[in-house]
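Paired with chain B in one complex and with chain C in the other, chain A is shared by the two complexes that follow.
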Partner chain A sequence: MAITASRGTRAAKSTRIRGRGAINSHSPAHRHDGRLAWVLIAPALVGFVVFFLYPTLRGIYLSFTDFKVLTPPTFTGFDNFVRLFGDQVFWSSLGVTVYFVLLSVVFGMTISLVTAVVLHRLTSNTVVRGIIILPFLISGVVAATTWSWMLDSQLGVVNMLIEQLTGEPILFLGSRAWAIPSIAMISVWKSMGYNAIIIFAGLQTIPPTIYEAGRIDGANEVQMFRRLTLPLLRPILAMVLVLTVIGSFQVFDIVAVTTKGGPANASNVLQMYIYDKAFGQFDFGYGATMSLALFAMLIIITFLQMRLMRASESDTN
Partner chain B sequence: MTTILKPTPRVTTEVLTTPERPKTPRGRTISRFSPGRAVAWLYIVIVLVVTVFPFYWMLRTAFSNNYSLIRDPGSLLPVDFTWGAFARVLGIASQEQSLAEGGSGASIEILHFLLNSVIYATVQTVAIVFFSTIAAYAFARLRWKGRDLMFSIFLAALMVPGILTLLPNFVLVKDLGLLNTFAGMILPTALFSAFNIFFLRQFMLGLSEEVEEAALIDGAGRLRVLFRITLPMTSGPIITLSILGFITAWNDYFWPLLVTSDDSVRPLTLALAVFKQSSPQASPDWAGLMAATLVAALPMLLLFLVFGKRIVNSIGFTGLK
Partner chain C sequence: MRTRRLIPALAVLALAAPLAACSAGGGGGDSAGGTVNWWTWDEKQAVSYKECLAGFEEENPGVTVNISQYGVDDYFTKLTAGFVAGNAPDAFQNSVQFFDAYAKQGQLEPLDDYISKSDYDLGVFNVGVENWKYTDGKQYALPLDWAASAIYFNEDMVTQAGYTADDIASMTWNPDDGGTFDQIATHLTIDENGVRGDEPGFDKTKVATYGVGNLGTEDYIGQTTWNPFISTTGWKIGDPAAWATQFRYDDPEFIKTMDWVRGLSDRGIAPKLGEFTIGDTEQLGSGKVAMSSGGSWSASTFAQLPGLEVGIAPTVLGPDGTTRSMMSNSNGNEIWAGSKNKDNAWKWISYMGSEDCQTKAALQSGSFFPSIPGAMDAVAADQLSKGVDLGVFVDAAKNGWIYPAYPSANGSEMGTTIQPLMEAFFTHERDDDVFPEMAATSKEILAG
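After this line comes the complex of A and B, so read on.
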């Protein structure tokens, strides 16, 4: 779901290329198109209305109600929102989530970009790119289970190494200070290759002649990276950034498997808290309110990022 | 292979035709052993090791005896090599056997969950790709009133995050009496995918219309044209979307978690999380857990062995669209 949302960047761009098949609109071949078209889009339309449009509107409505699933919702106006503003756990969850997003974005983007650029300079061997994509293929649950074993404070291999170096193990997933950085590390490990491949594909679209021109003008490697590569990559980087931010804001499976939000709410990310409220305490109304808050944040962030990165303008044109 | 690359031939032909060359992609010849290049290679090697090591560690732990792990936690090779962990998670080890090798006594009926995952991911993928393809054809080739409006509405769905739909969709599935059924797990994501429709429509618009027009003039019906001509020509992107869709469905955790409460239809990812969460905090059966993770990851790794290059190209390709 996170992925589909952010794909809008690319989508919006290509609406302009429309109506290419409009040449033959009067030909007899198109006489019965109308009826057939509705038959063909019927399943998608049903899916859109029943499982996307209706639930989205219902979600907005539910956030203004007291709803415990078993009894029908009762309208309570802005009660849930008032409660939200006074809810310490919600704000701490938001803080935890933002911290996680920042770590994932800063480290994830940097490592992906460096890896893509270095790979692009060194080799176009698909095997290497294939290997770095491996973590993307496995589920968050598998990744989280494996890493919680490797980060285990007593028998984990990472701690074996750390103990040899510093003499003391680190309670990665069991301490308040390390829980979120550890989860962010697992998340970056899992998504780095995927992002690097997208950036790599973007690098391949940059014509080599641009660099030749740059070299003739006397630019060095660093200058060319900053003045040519980065601006030309901006649309792709913006897309990867939006993907990463939106995905990170909704992180759930890694947290559910490694810490379940603990210790003492230290890794209680928003999605975890919403899940707890809705499915642990059956407080669906309040869960919907928090979802709506998260929803609004995601829309604002996407919008701001698009504006800041001016992603819809491609510099290559 | 060529069909899939059509819209952006430059990108992929470069990948396919230039395996090794003395020049960098920027066209400059550099000496093989410059210090910068050595550092760059070192970086790549580190990235590769960090990427692959957890997979190796899964393997190494899964073949270890869980009791012996405590004795030699840093060993790079399996400690007291045994198939026991796999026997435990497959449910073919007796209670005494598993306790003797450090199992927790808990087991996971992995074949049952594996089958659930296969059904869930396959039906879901086939349905969504099929429904997206026919919808994309209606948008790309047919002339009808409201087409552009409909398409804009579908596109808007790409921009709107799906987070708000989770709780209401759960209530809907519950009201329909579909909790703990494959239908309940699959339906919400089996009919409509804005991204798939958009992606396939773009590709279809790039195909030449001449063949289709000729078939229509020869008296073939629209549906016949769609299934006999357009569909085969679109097989590249269809396979791309199927692979990516299958990976997503196989690894899905949150939605199955919401709509299933017993083991009957639970997919493996979810069962694995339950197995992990229910393993004793004091001395977990790490060997068993790693054997189970390995079984859960295996189909994806096999998919990767078969379609590796295609997956890599698909991801880069979807990113450019």
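After this line comes the complex of A and C, so read on.
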């Protein structure tokens, strides 16, 4: 084995050497390749610097300033961060957002997974798959407006059904208890199809021979789902989870259309609060501070998720 | 070799083209010569004021006007971006909510010199001038329009309940028992078994028709909801009225009024907060509500409700039996301090502030009330011929029932801070203890 490995390494080295020689930039034919390479990556690089790197660095700088947008920023050190720690509305908004994320992730992942498995097992019809993804294609504002009409406690079709069953309507978007669960339901409805299709694609990568082996070993459907399907889907589920968590933390349009953060801040998610501070009250410095805090939280959460779920590894190897 | 030289050139061109596109299409900052850029968020006013263009351009040869309209949700963000980028419009429509923020940061041009140089008479307006005076005593806008509130009612429901339009127009109110307004609203309320709100056996949990729409929170000034009631007692929100240093939320009369408003929902006479997600016209149109306290801007929409006769009555008479009170807000027509075309911008906004232009524009759509009495009369007559009686609002302006929505500092922060507290009160999360907190908070925000 050692000999084989050594031979392999030597072979690789010689390939690399040959390879380097083959694209030697000093040869007359490739003398200008470096310049051309820079030119070709320039659009992406400029886009990255102008639309990502500079705004991020500028945002970090502004979070240390008092910036009302129409007058130059004034450096205030850690004042905004001290204010952030004492801002009850910020912490309450963070709590509301985390509650929303939990509901969206738990119900969103479960429903998407079940839908994907059902699709995988029962149909190969592309029309059905197309219909499943339809809510994702609808604009968030349109979905939120339509749902707010359907959930209206006096005139909405959902409450008409509920009233016939229970005799009592539910103030879905107008009560403290129901506001966030209702918004999470709309969000799950909208994103479920997209997530289901991604998971469905993951299911298609699992070789049928694995299930055949499972059946030969006497495993039933539930056991095969738990012991085979779920572990093999882990990288896909990890990706869907990370995307759902980040997307849920950034929820804005559904809240802005349905409740505007009410009643009494019950659905005042962090993005809503940041938007109001920055664009409503022109307090861009403090808005940048809150955005930076959210950015840091998302990085930590995503990192933990990736580590805990070993997202970059697959059990298929 | 040619190809190799061509690639970098094309790449540079590809990069430069979008950047060039970004810098094109600027607003007023770039406008040279005689083009005045004017912005509004109201699509109807954008069309209406085009009626004035021919007359203006005839009076001012060489000066042209470019009218742009952006949806209200994006309007102020776009305007602010224009200030920052230096390409804001030369003149624009503004809301009093953003007056302080823009004036404080030097974005608005004071109009006093233009007014005196051109002998422009501010007396041509009967409402709105006071709304646009800043703390430095200078005038920063000409009023573009004005608005007030009224009580809209379902005529059939009122008749079936045994009332006439005159009964609705002469309703009295006081903070102790709600006066005849409370009695009428209670009688107009019907539960699912057909029992009226003032009859034995009324089930407040199963209301088919509410006597009145929600008078609870909408905004921190309650312009179309609780304000026309409490202000008949002499209470006004600001202390002092213009550029207040505190809002009088802790006044005992105010607290008593809020308790009465909340009681209407508790008794099943008005819907609870959040019960409807639709607007007041839809509530009245669906037959779920018999009366609604709403803005004057809704008059033509109410009149167009299919299969429904909607009456318009003035707001209630106060405890003294004679006082009516409606808060009137006016949008302003302003000049950007950074404009390179201020003189022509002044020519345009002062032309818009003429009776001739206001009449032409307001008649075109009938969607807004001009601040000039002659133009308002023309609009009222025109709307009457179309079946919409605006007499209530004409009377309100002429009889002094309206009072200005005075500007105050940090309107946006006030809204987002006070509204949740109001909502907490109306949903019974908090009680009367919320009002001293609201007064103290408003003081801090107004000082900020």
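What we mean here is this: the second predicted complex is superposed on the first by the 285 of 317 C-alpha atoms of A that agree within 3 Å, B and C clash if a C-alpha of one lies under 4 Å from a C-alpha of the other, contacts with A are read in each partner's own complex, and residues count from 1 in each chain.
Heads up, the rule we're going with is that contacts are C-beta pairs under 8 Å (C-beta built on N, C-alpha and C of every residue); 3 or more make two chains touch, one makes a residue touch a chain.
These numbers were taken from a predicted model, which means no experiment stands behind them.
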Under the stated touch criterion, which partner chain does A:Leu308 make contact with: chain B (first), chain C (second), both, or neither? neither
Would you check which partner chain A:Pro43 touches, where first means chain B only, second means chain C only, and both and neither mean what they say? both
Is chain A touched at more residues by chain B or by chain C? B
In the overlaid three-chain picture, which partner chain does A:Ile60 touch, first (chain B) or second (chain C), both, or neither? first
First (chain B), second (chain C), both or neither touched by A:Ala177: neither
Tell me which partner A:Val106 touches in the superposition: chain B (first), chain C (second), both or neither. neither
Look at A:Val157 in the shared chain and tell me whether it touches chain B only, chain C only, both, or neither; answer first, second, both or neither. first
Taking the superposition as given, does A:Phe51 touch the first partner, chain B, the second, chain C, both, or neither? first
Report for A:Val82: first if it touches chain B alone, second if chain C alone, otherwise both or neither. neither
On the A-aligned overlay, A:Ala213 touches which partner chain: chain B = first, chain C = second, or both, or neither? neither
Using the superposition on A, tell me which residues of chain A are in contact with chain B and, in the other complex, with chain C. 32, 36, 40, 43, 46, 69, 148-149, 152, 154-156, 279
Once bound in the complex, which stretches of chain A touch chain C? 32, 35-36, 39-40, 42-43, 46, 68-71, 148-149, 151-156, 168, 171, 173-176, 258, 261-265, 268, 276, 279-282
Which chain C residues qualify as touching chain A in the complex? 4, 7-8, 11, 14-15, 76-77, 80, 83-84, 101-102, 105-107, 205, 271-278, 282-283, 286, 288, 410, 412-413, 415-416, 419-421, 423-424, 427, 429
Complex contact set, residues of chain A against chain B: 1-5, 7-8, 10-12, 14-15, 17-22, 24-25, 29-30, 32-34, 36-38, 40-41, 43-48, 50-52, 54-56, 58-60, 62, 69, 111, 114-115, 118-143, 145-150, 152, 154-157, 160, 189, 192-194, 197-198, 200-205, 208, 211-212, 215, 236, 239-240, 246, 250, 252-253, 256-257, 260, 278-279, 284, 287-288, 291-292, 294-295, 298-299, 302
State the interface residues of chain B toward chain A in the complex, per the touch definition above. 8, 10-11, 14-15, 18-20, 24-28, 37, 40-41, 43-44, 47-48, 50-52, 54-55, 57-58, 61, 69-70, 73-74, 131-132, 134-135, 137-145, 147-148, 150-155, 157-169, 171-172, 174, 187-195, 197-198, 202, 205, 209, 213, 216-217, 222-223, 247-248, 250-254, 257-258, 269-270, 272-273, 276-277, 286, 289-290, 293, 296-297, 300-301, 303-304, 308-309, 311-312, 315-317, 319-321
